[in-house]
Amino acid sequence: MSPLPLTSLILSWGLALAAVLLVLAMTLCAWRMLRGPRAQDRVLALDALYVNGLLLILVLGMRQGSGLAFEAALIIGLVGFTATVALAKFLMQGEVIR
Amino acid sequence: MSADLPVWAACLVVGLALAGAAVSFVGALGLVRLSHFYERVHAPSLCATLGLFLVVAASSLFFSVAEGRVVLRDGLIALFVIVTTPVTLLLLGRAAAYRDRAEGHPGAPPEP
Amino acid sequence: MTDELLVAAAVLPFAGALGAALLPRRARDAAAGLAGLSALVGLGCVLALIPAVASGRSAAVSFSWLPSLGLAVTLRIDGLAWLFSLLVLGIGALVALYARYYMAPGDSASRFFSLLLAFMGAMQGVVLAGDLIQLVVFWELTSLLSFLLVGYWSGKPQAREGARMALTVTAAGGLCLLAGMILIGRIVGSTDLATVLASGDRIRESPLYLPALVLVLAGALTKSAQVPFHFWLPRAMAAPTPVSAYLHSATLVKAGIFLMIRLYPVLAETDAWYILVGTAGVATMLFGAWCAVFQHDLKGLLAYSTISHLGLITLLLGLDSTLSVVAAIFHTVNHATFKASLFMAAGIIDHETGTRDLRRLSGLRRAMPVTATLAMVAAAAMAGVPLLNGFLSKEMFLAEAVAGTHDRALNAGLPLVAAVASALSVLYSLRFIRQTFFGPPALDLPRAPHEPPRWMRFPVEALVVACVAVGLAPGLIIGTALEIAVVAVFGERAPAYSLSLWHGFNLPLALSLAALVVGVGLYRLLGPRIDTNPRGGPWLLDRLDAARLFDRAMVGLERGARWLEDRLGAARLQDQLRILLLVALVLALTALLHGAGIAPATLRLPEAGLDPAFALLWLVGGASAVAAAAAAKYQRLAAIIFAGGAGLVSCITFAWLSAPDLAATQILIEVVTTVLLLLGLRWLPKRDRSIPIPASEKPRARRRRAADLALAVAFGACLAGLSYAVMARPAGEGIARFFVENVYSGGGGRNVVNVLLVDFRAFDTLGEITVLGIVGLTVLALLRRFRPAADSLDRPAPQRRLAAWERAQPDRNPGDSMADAMRVPATVMTWLFPVLVVLALHLFLRGHDLPGGGFAAGIALSIAFVLQYMAHGARWVDERLAIRPVTWIGCGLLVAAGVGAGSWLFGRPFLTTAFAYAEIPGLGKIPLASALLFDLGVVVLVVGATVLMLVALARQSLRRARAEAAGLPQREEA
Amino acid sequence: MRRLARLLPHPLLSFGLALMWLLLNAPVTPGTGLLALAVGLLVPLSLRALRPEPLRVRAPRALLVLAGRVAADVVQSNIAVGRVILGLRPGERRSGFVHVPLAITSRAGLTALAIILTSAPGTLWVQHDPRTGRLLLHVLDLDEADWPARIKARYEGLLLEIFP
Amino acid sequence: MSLPADHLIVAPVVLPLAVSGALLLLDERRHALKAGVSVATALALLAIAVWLLLAAAAAPGALAYRLGDWPAPYGIVLVVDRLSAGMLVLASVLGLCALVYALSRWNRAGPRFHALFLLLLMGVNGAFLTGDLFNLFVFFEVMLAASYGLVLHGSGAARIRAGLAYIAVNLVASLFFLIGVSLVYANTGTLSMADLARRLPLLGPAERSLFEVGAAFLGVTFLIKSSLWPLGFWLPPAYAAASAPAAAILSILSKVGVYVVVRLSLLLFGAESGASAGFGAQWLLAGGIATLAFGTFGLLAARDLARAAGFAVMISSGTVLAALGSGSAAAVSGALFYLAGSTLAAATLFLLAEILQRGRDPAASATEAVFDDEDLDPFEDDDTVVALDIPAIVALLGAAYLVCALMLAGLPPLAGFIGKLAILSGLAGAAAPAGPVAASSWLLVGALLLSGLGTLIPLLRFGIFNFWVPLEGPSPALRTAEAAALAGLVAGCLALSLWGGPALAYAEATARWLASPAGYVDAVLRETAR
Amino acid sequence: MEAVLAAGIGGLAAAGVWLILRPRSFQVAIGLTLLGYAVNLFVFAMGRLRVGAPPVLASPEANDPTLYADPLPQALVLTALVISFALTALFLVVLLAARGIAGSDHVDGREPDR
């Protein structure tokens, strides 16, 4: 179907592997998140989870050859930290907004 | 769309992406392997810096080649993550410091 | 002319009631005059109808009412109706006159007479009803009005209780009657009276006959106070006496009798009828008489005697011979006359002496000789003394009792029963007369007795004269009327009977005389002992107080209902939710099994195969969800974090599976939700794992948790199974195709999802943003009155610790540490504000063609605002950014609705979008779609609502500061 | 000039936002260009209400140098931390807190330093006291370098130059 | 779509939306202006609804309004037929009266009352009008969101406690709704009700099974809203705790659920719909009877009038659903008539409950509003109190109460009786005595009659307690607005009774129209040039 | 993919259901959030799964429906997302108000009688 099967092969396998690696990274983050032991560990892990999720979306975008998932990644990058900042502030102050 | 990529580009893209993913994986591994919070806090930076750079580079390259023009918008993501992630870590470190001090945790940081 | 007269006879009382209601409250004369006049004119009309009803004829007039139910308002008069109508209107006129004098000047005359007239009208309605359903309508109306009349003196507890009981019993009977009538209607195919009366055989042969009979009788017997439904009548004596005289002697209680006579041709002459009606009659007759003997209250005595006499009439009807029915009709009329007069007399005595207690009354014969004479004559009629009307009908009864037309078990004892009842009625009549009028004058009466006003006595006189006249010359006075009624009931089967005074010396006469003698003897024997009866109730039966049983039944009903409500309902939210889920599960499974089901073979194997990364991703998602479930009780913060993880996984899933818009929106919402939950978390109490569950509770708690777990797993499995079953099947040809094909040509965009939202299904979006706006307003309202719980009022623990530490440091002011900590983050967050604005703008403008859209833009913008709040605190931002969220919400709604309405200008339906590509020199084609404007409304509203929610919650933390500023001592509040 | 300042209170920001717009909406057409211009002009006005300290960047050259240095350091520390995580670093490793006395007082400078230090793996900005100028830093590998000296040498000077 | 008047079909949704948007721009303190605007809007809504009713009664089929000018199964269509027009009128009458009642003081018991109220009306109207399943979900949510606001309106512990449960239950119901809608879409490929009716007979067995699961989920949702036993335990406490005008307007809310069940079950599962015909009818019948029984028990057990009114709402829903489940078209027409009457009466009872409660027990905190300290005390302005002497007020209230009680207990001569009679004679097949009558129908007949009695007894108790037991202390004050609202609702009840014939004929025509869904399908799917 | 997603939906739903049956209102709030995720994914899944076919036309002419994932469920999910977000927020505020006024965070507003 494609004129350059090699390219497809490289791309599909390589990016699939990258996706697996990233998901594995997410799994590890999730493990830390669930494990704790303290709240700051969980928040930290969630933050890492977000970043890895962002990377995963980028890789998925490449895998599917579509730039349409970019917005989601952009939003995670720009806005996602709000959640973790709120969590951290809560840990620090006991409330998010004073 | 993916079929239009020349082999070199595909290799480069895959290489970058794999490298980024691997760095991220190492970062996440650090989250698991390092022994206490103040050590673990360094690990995600790997994902948010080098891992991110590499993947973003891969993505930019991929779309630039695929669309036949320079696509730099992925760089924006990198920029924003660089700027925002420290905010979280900073606050988190500070929060951990307060909490540890308040509880008299042995590993609590000294007062500045 | 007949029609007009008929209508007038039916409508006049109601017209009068309306008139009386409009009169001033105290206009006794006018109201009574109106009442009397209405009754008299009505009476005239009815009398004028004789030709129409003579010799078995009948007349009817019909008006359309509920044509779709085949129901019309039909007024139908025949002999029976005519006779009862005379009774209703005649006695009604007399009662009106009597009531004029009876009612005190302070009572509301307009209310009383209007109710009385309305009741009269309702009775007329029952009597003249030409349709069974219509009869039920008026029947219930009489119950209702009797309720209002009995409870006229609502200040008295007895009146309230009496009224309530009367209505409860009679309305319940009325409902049974309705059911019965519907059954009859079903059997006959029509509820038209004439049709029904003509289909007696059909009814009696129907399998539904017995239920119909039982139901109809339930109505009739409750109304006519038959055992065991009799108890309401004595309690209803709390009514003003005119009401008793009217309702409880002549009309209301006779409605049941009327109904039985009315339907006699179609329901009677069967074993069931004989047993039911006869038994009820016998029991009531004896029971009523026995109870009447023991009453100390004048009206109570009369009430029980009424019960007894009604029982007699019922028994006559139950005997199932045509002659006995004649006797029943005759006695009905007679009873109405003498009992009404007795009630009035009792009312006069009550009125003039202030008491109705037989034990206190004595020797009134001297103070009120005329009244005494009248009462004595009426009582004698009640006792069945010869030469009075009561004697005649009782004689007929005794004759029937002796004759025993059918070979039936009850018949054997009937003469004895009749004699006993007669003797008892002599006994109580004698007691009534003796104790009231004879003996030494009573000295301790509340008022000094004297004769009543002339016209107050007149109705009694008139009725007593009637008693005597009928007693002396029955054929002359009542013969025709009775004849007309009897013929109306039986038609050609009407029996031959003689109304003469003297039938020769026969067994009935002997019984009658024996009853008189025994009655007098019994009074001699028992009179004093009855007066001093210690327990007050009738001997043998004093434990069987049906009224008390009724009260107890009412309380029991309430209690039972509460118990049932408790058992059948679920007051607690958890139980309700369990039931909800369970029902949904059960119904879903039933539906699945109901159809052909899904053969496993029809499920195609997934084409894409399994991507290990995806599976691993969902491992993370599932683990996060389960962990959130586990942590939500004691580690709330952790639960929020875990829920965030699950949200992220679903966001990635959307991105993975071709839904970029969803991914973007999901992550935005995820962030806002997390912030929101955290804002709320501050006001929740610390959960402590150390709070012990009592050991006794543990097994129950464990069981409950196991059940919940099973339910949760079942529901999860159900959703999983359903979704797999759907996903593994190819999609059919649906409407989705249209959207893709028309999105560009018709919607002017390339992002199908977005065009769906702002164009194809913009109406949904309009509703959706309205929801958001409403929630914003509700949150605003709720938080305005927010009162934090005492334990969360204080500053959070970290801040308190820090403040304590700061106080200990010489070089630090309160709050410095926090300010230091926020210095760097706040700087970043401030400078991110414009960046986020650009992001929002970007998402907004590109939505039509690429992922994005108004909603995402709105949320992004509100996050920009919230970041500022987080960076600088609520007060700082409030001083700088004057956000008026409510105004934003209003504007958003207006813009969206306005854009939608704009299409009206072009004659197109609401929300029709217009788009064009404007060619601007140098810039190229610029898409201009009205949908973009609509989306602008969305943005404005979303920002308003989201910021409102977040900020309103955030501002709560200022309460404490505000309270401190107002000088309120914090601790006290806490 | 003053009017320009009012119209364009944060020129750097305006430029950045316009660039961001162009990047987001590539390829550049006259239309997007116009919009980018509008964005650059109008959006910074939204900051006016928040009244942040205006950002003045003095030495663009220093900025470039700093950027390069940071990039190199980030890569280097990534590798270092990666080795630590993977257990490839031989010998005993100590992590702990270090105090760094800072000379920077400007908000922007501190922020930049915080971002640099925190985003580079291996160092975490924990606490800074503006009264004493002392920074508390957590370091993953204390033995890797003399951290206070390194920070002062590599970043502080340049930052003081950029954000006076 | 040529006549401008056709656009009136969408007005019941757009008008309240726009007006509430405008009201939000007004300052909170301009009470008089806001009150005037909202009442004018409510009046306009009533006028529009009546116009639509007349139009629907005159039209041979249904009037369809294609939003966005998209052809039918693709875009969202609003449909006015006899059923929806009738419900619109009912909702408008209730809305107007409840709003007028609220003007006495409730509108000041919390911020943005008028906007919330109008948005509730918008949601209700939209739910009645829409011909699209998902759009129905949206309007359900609009309606529910506003109802959450109104249930909580006035704040106070009881209200918030009850509101929490109310919201939780309805949120779960909304999730079921989504599950149901999506299953329906997944297996039929359409969301338009009319299109659904057309496609349903053509479904394969597996699709049909899955579709029916979706329908079951939808059914559970609607039955939760219409408070069928055992799904409706949330209703009495929530309604009893709500402020009186809110409760009055909420009594139409449960009827929205009933409406949808009627609409969908007759449209989709009528006799002509193939293998799914009669789907769920037995459940409806059984559930309806159980609801009747449970509602009656609850009513008997109720300790205060507002709660009793809540159970009356339940009984009324149960009656209609059971009649629907019985499968008799005559019973359905009776049930529709009954629905109107009982809803009006229940709403009146909520209003009365509050007035009486206020007179009886001024310290009762449960139903009292918590008024803002920052707002003026709304109790201060006594100039609006009706200038009648006490007995007259009591008589007025008593008459209103009597009307309510008769309507709810189904006693003659009011509409409650007519409706019940129509159901009963429909069930008993009095009009067509040919076929046998199912045992379940007899059971329903019995349940209906007994529940009438079970309604009468407690209402009698409450009535006697409230009107006949002499009051200690000040007697209830009646404000002009309250009197007007009561008068309006009572007039509605009486009008329904007086014109029972025409109204019943309308209901019957409606039932006939519903029994043959082809008309609806044609009206909606008729091709129009775009 | 389908089986994994189905299992995920099931897991989310089970966790959510378990939580909404718990006595503390905060648990219910989290449960509603999770259940909301599950239901949104469920609705989404009803449009069948497609990889790499976002319903955004590559060009105005490429409007062959088979090239794209079913857009309708996505639009529905978007609407539902917003609504469930709004209602979660409302529930949260009500639970706070209930906690403040009733003094208990039990869903019934009072501690159960033991």
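For clarity, chains are labelled A, B, C, D, E and F in written order, and residue numbers in each chain start from 1.
Assume a contact is a pair of C-beta atoms (placed from the backbone, for glycine too) under 8 Å apart; a residue touches a chain by one contact, two chains touch by 3 or more.
Just so it is clear, the structure is predicted and the values come from calculations on it, not from any experiment.
Listed by label, the chains touching chain A and chain C alike are B, F.
Shared contacts of chain C and chain E, meaning chains that touch the two of them, come down to F. Between B-D and C-F, more C-beta contact pairs join the chains of C-F.
The greatest centre-to-centre gap from chain C, using C-alpha centroids, is found for D.
Taking the mean of each chain's C-alpha atoms as its centre, the chain lying closest to the overall protein C-alpha centroid is E. If each chain is reduced to the centroid of its CA atoms, chain A and chain F end up 21 Å from each other. Centre-to-centre separation of chain D and chain E, using mean CA positions: 61 Å.
Note on chain placement: the centre of chain A and the centre of chain B lie 9 Å apart, centres being C-alpha means. Note: centroid distance chain A to chain E, computed from Cα atoms, is 48 Å. Contact with two or more other chains is made by residues 571, 573, 577, 581, 611, 640, 649, 654, 656, 660, 681, 719, 722, 726, 731, 734-736, 739, 742, 760-761, 764, 768, 771, 775, 778, 782, 785, 798, 821, 824-825, 828-829, 832, 835, 850-851 of chain C. Within chain E, residues 134, 138, 141, 145, 148, 152, 155, 160, 164-165, 168, 172, 179, 183, 185-186, 191 each touch two or more of the remaining chains. Residues of chain B found to touch two or more other chains are 27, 29, 41, 43, 48, 71, 73, 76, 80, 83-87, 89-91, 94, 98-99. Contact between chains, using the touch rule, shows up for A-B, A-C, A-F, B-C, B-D, C-D, C-E, C-F, E-F. Residue ranges of chain C in contact with chain F, taken from their complex: 571-574, 577-578, 581, 606, 608-611, 614-615, 618, 621-622, 625-626, 628-629, 632-633, 636, 639-640, 643, 646-647, 649-650, 653-654, 656-662, 665-666, 669, 672-673, 676-677, 680-681, 683-685, 687, 694, 697, 708-709, 711-713, 715-717, 719-724, 726-728, 730-731, 734-737, 739-745, 750-753, 756-757, 760-761, 764-765, 768-769, 771-772, 775, 778-779, 782-783, 785-790, 792, 849-851, 855, 942, 945, 949, 953.
Those residues of chain F that touch chain C in the complex are listed here as 1-24, 26-27, 29-31, 33-34, 37-38, 40-42, 44-57, 59-60, 63-65, 67-72, 74-75, 77-79, 81-83, 85-90, 92-97, 99-101, 103, 105, 107-108, 112, 114. By the touch criterion stated above, chain D contacts chain B in their complex at residues 20, 23-24, 26-27, 74-75, 78, 81-82, 84-87, 95, 97, 99, 114-115, 118-129, 132, 134-136, 138, 140. The touching residues of chain C, counted against chain A in their complex, run 611-613, 616-617, 619-620, 623-624, 627, 637-638, 640-642, 644-645, 648-649, 651-652, 654-656, 660, 663-664, 667-668, 670-671, 674-675, 678-679, 681-682, 795-799, 818, 821, 825, 829, 832, 835-836, 839, 843, 850-852, 856, 860, 863, 866-867, 869-870, 873-874, 954, 957. Every residue of chain C that touches chain E in the complex is listed here, in rising order: 25, 64-70, 108, 111, 133, 136-138, 140-141, 144, 151, 154-155, 159-160, 163-164, 167-168, 171-172, 174-176, 178-179, 182-183, 185-189, 191, 554, 557-558, 561-562, 564-565, 568-571, 573, 576-577, 579-581, 583-584, 587-588, 590-592, 594-599, 602, 719, 722, 725-726, 729, 731-736, 738-739, 742, 746, 759-764, 766-768, 770-771, 773-775, 777-778, 780-782, 784-785, 886-887, 889-894, 897-898, 900-901, 903-904, 907-913.
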